[in-house]
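Presented sequentially are two complexes of subunit A, the first with subunit B as partner and the second with subunit C.
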Partner chain A sequence: MSMTLKSLDPRVDRLGIPEEWASPMAPKESLDQFETYEAFVQMKENKPFEHVGPVHAPNEEMAFLFAKEQYSRRGMFCHALCVIKTENIQTTGFTDNNISIYDSIESMPSGDESESFEVFHLLKRGKQHKYVGNVNAKDFEDALAVAKQNYPSEKPVFNVWVARSEHILTSDDEDRDIWETLKEKQYREAIDYRAQDKIKAFKERTSEA
Partner chain B sequence: MYGGGNVFEAMKATALAEEDPQKLAEFEARIDRGEKIEPKDWMPQLYRKQLIRMIEQHAHSEIIGALPEGTWITRAPGFKRKLALMAKVQDEVGHAQLLYSAAETLGKSREQMIDDLITGKSKYSNIFNYPAFTWADSCFISWLVDAGAIVNQVANSKGSYGPYCRALERICAEESFHLKYGHHCVIHLATGTKKQREMMQAAVNRWWAPMMHFFGPSDKISVHSEILMRWKVKMASNDECRQQFLDMYVPKIWELGLTVPDENLKKNQETGQWEFTEPDWEEFKRVINGDGPCNKERLAVRRTAEERGRWVREALLAPKAKYVTPLA
Partner chain C sequence: MNTEALKELLYKIADDQLILGHRNSEWTGFGPLLEEDIAFSSMAQDKVGQSWQFYKILNELGESDPDTVAFMRNADQFHNCQFVELPNGEYDFSLIRHFLFDTAELIRFTMLADSTYEPISQLAKKIRGEVKYHTMHANIWIKQLGSATPESIQRLQDSLNQAMPYALGIFEPSPFEDDLISSGTFVGEKALESEWKKQIKEIIDQTELDLPDMDSLTPAFGGRSGNHTEHLQPLLDEMSEVFRVDPTADW
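Take a look at the complex of A and B:
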């Protein structure tokens, strides 16, 4: 019988890991990688949704759950959250130096309003995309043309993301209590660890001795 | 949590010769203006490579760093400490996810990074190759290793790569709980019974050398290319981070009646610099190259989790799923 790895950690000992592996780890299936989703958070009521970052998940519901864990944790205010599968977001090119990406969009709205899209703008490089509004158009290109007309921006727009409304999973307003930090979870906050009194008492005690 | 001592790839003098000089000038001008670089922007191959390596090492350090602390969850003294340590370890694993995503925007998939960790191709913070013998070791890690990581992470959050900076801002916000929690644990032991104080002092003695290694080799012997500083990949030198750490935390260690196991450690009042015995960099090299007390165990545990957790991923996988690199 081969030797098992000895650890200080009883849990590791219980795993019965071999001391030496017989072979390297088997290569993984090429699909052994979850899809990516982009998460957006609305910090307060009446504030726009803002991109917060990606998550990896096997489906939309799990993406929502992971995004909640990752991006609405303590100290990060959250009023609502939504996720969109990365491949369902169309992006324009990037511009800089006060040039708006809309300057390069010359087509006029087609007038065909058969589909609903949601539009996000990047107004400051280094910051994240913010939701600007909904447009009805026939396709992504057309959605950009409509957004250019409906959402003129004083500041240059460096990059635009567009997604079909049906591809967005948003939290339900009725479930808003999921964002609240429970009182009994105060141990997860820095404020729960005040200790200056203890240090002071210790110093007084040791200086007397 | 992560320190300096990044293992950067050796750079060839010709590495930049193949880049388009005009694009390179625009790229550098953007960084000089204090603007962030975003995933879709043009960037030199060298910048991309070094950033992937750095962010990936940082992510692995979060995952591996959860192991020596995770060990103590079930044996933490009392219900409240158990809950808090569990929350902290969960945070660290979450940090790894944020960082893997940031590295991924540069074109290396998360699966590939996880594979490279398990095969030993990628490194992680050397300090986690040491074992946590007692509860006091876990307290040392929560307070001082995290403190060291914060020094480094706050510096790096001012760097040039947008997705990494944004991930670091989130991470630093959570680290403040870790730091306070860790300090609280250390104070409890250091101001407690004789036995508790001895236990805490023994942990400080064990961890001091790895802690000094944590920030990486001295600038005198570590050839950190000036270009990584100019491109704001590396924001503070190893020695600067080490000095800042000593300045902030040695007085806090001393005020608890604990000693630091280095008789040469003192602040030179004229230069304002801390002086100390030169850390043993041969030991550092030996451990980072695989010969530390826990290297084998750390990777074996990761590999076991990966192999035995396969059925979970298979059960969750959507058969038509298509992988797409995250956007920002």
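Take a look at the complex of A and C:
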């Protein structure tokens, strides 16, 4: 008879897993990861969408789900969420030392407004890209020229992201309630675990001994 | 309003949420991928929190306090449907149950938002958003795995076939069905069931899965009147372990 796997977690013991299953996982082929999507969160109605991070997912809807789990907090912390496939975001180069990336864009808007693009600015190195607005242009480069004209910034813009509007999956307005939650949820918050009294009592007990 | 009818309605909702919440929590640390570990754990907390709110309404109607009600009853005193007490099985079964049960729950809470009994309608409105997200989560996963690979489709199909008689047990009629309907407290299990069939079909039709012929199945009734599978009592023993050792134990 084979032995079962012993774990510090009693739930694992109860599963009665044969010990020989504890062998290391078979090596995986490289490049078996899903493609990446970038997630953006709008914390409040009048605040811009901000980049929060990437997720790996097999499609846009799954990316939305994973982004919701990983990057959005309920209560007062999320109003809307959107995801864009990373490869669909066109990025400019980076600048530094108070030089704006727009200084290197010299072309003028073409006047062809056949496609809709969304524009994100990086105003501080190490911070997130923030949504600035929508432009109509003929391609990515043209979108940058229009953005330069439409969104002049007092502060230097170090990097710009541009994505076609059709490539963005945004939460529906009517689904905003998925971020609502019951107020009485202290049991979910670590802050409700007040250990100070117990530590104090323990210290008093041990110092007396 | 007939108080016994009201209590019966509240107990079955609260017990469903508590028991499935506990089952969901058993995925903590075991999820097939990190996002699902987080999702099931988070939904577990939502469901346990929702059950607590329903137990509080029961408390106001003269029942014991929520902790006592949750931790001190034996299996035959629970009103949950058998569906929610079944072991998690593999992820495919948990996912199918999550989909079938939460779809029903969202419809139930949407219907209860119009209840003439104010405490229920207010609570139903408050927790609708949470349950809406749970169904959004379930629907996206079912659509994904229900059309992904031969293995994922077969696994979901097997689980769907296995789960369906139990899922139909959600809609076991209450002895007070007529009172609840005529008083405008709840539109009744029949109305809920027919809307549920419509909504799960809409999702299943977008996958490679086949809905079993529901009319030929015998629903797993009994849970609402305390007849449970052998799986509920061990769950209750584990859930109430700490409370039974020290009823004053606190966060």
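Rule of thumb we're sticking to: the second predicted complex is superposed on the first by the 154 of 209 C-alpha atoms of A that agree within 3 Å, B and C clash if a C-alpha of one lies under 4 Å from a C-alpha of the other, contacts with A are read in each partner's own complex, and residues count from 1 in each chain.
By our rule, a contact is a pair of C-beta atoms (placed from the backbone, for glycine too) under 8 Å apart; a residue touches a chain by one contact, two chains touch by 3 or more.
Keep in mind the model is a prediction, meaning the values are calculated, not measured.
Residue contacts after overlaying the shared chain place A:I99 against neither subunit B nor subunit C.
Taking subunit A as the reference, the larger set of touched residues comes from B, when subunit B and subunit C are compared. Shared-chain residue A:Y193: touches subunit B and subunit C both. Shared-chain residue A:D9: touches subunit B and subunit C both.
In the superposed pair of complexes, A:I17 makes contact with subunit B only, with no contact to subunit C. When both complexes are overlaid on chain A, the residue A:D175 reaches subunit C alone and has no touch with subunit B. When both complexes are overlaid on chain A, the residue A:K203 reaches subunit B alone and has no touch with subunit C. Judged by the touch definition given at the top, the superposed model places A:N59 against both subunit B and subunit C.
In the superposition on chain A, contact of A:E69 is made with both subunit B and subunit C.
With both structures placed on the common chain, the touch criterion links A:M25 to subunit B but leaves subunit C unconnected.
Common to the subunit B and subunit C interfaces on subunit A are residues 9, 11, 55, 58-59, 62, 66, 69-70, 187-188, 192-193.
Every residue of subunit B that touches subunit A in the complex is listed here, in rising order: 30, 35-36, 38, 40-41, 71, 74, 80, 83-84, 87, 91, 94, 97-98, 101, 104, 109-111, 115, 118-119, 131-133, 162-163, 165-167, 170, 173-174, 176-177, 179-181, 183-184, 187-188, 190-191, 255-257, 296-297, 300-301, 303-304, 306-307, 310, 313, 316-318, 321-328. Of all the residues in subunit A, the ones that touch subunit B in their complex are 5, 7-9, 11-12, 15, 17-18, 21, 24-26, 28, 31-36, 38, 51, 53-56, 58-59, 62, 66, 69-71, 73-76, 85-87, 89, 91, 93-94, 96, 125-126, 128-129, 159, 161, 187-193, 195, 198-199, 201-203, 206.
Here subunit A touches subunit C in the complex through residues 9, 11, 55, 58-59, 61-62, 64-66, 68-70, 175, 177-182, 184-188, 192-194, going by the rule given at the top. Across the complex, subunit C meets subunit A through its residues 26, 29-30, 35, 38-39, 42, 45-46, 49-50, 52-53, 126-130, 132-133, 136-137, 140-141, 143-144, 148, 251.
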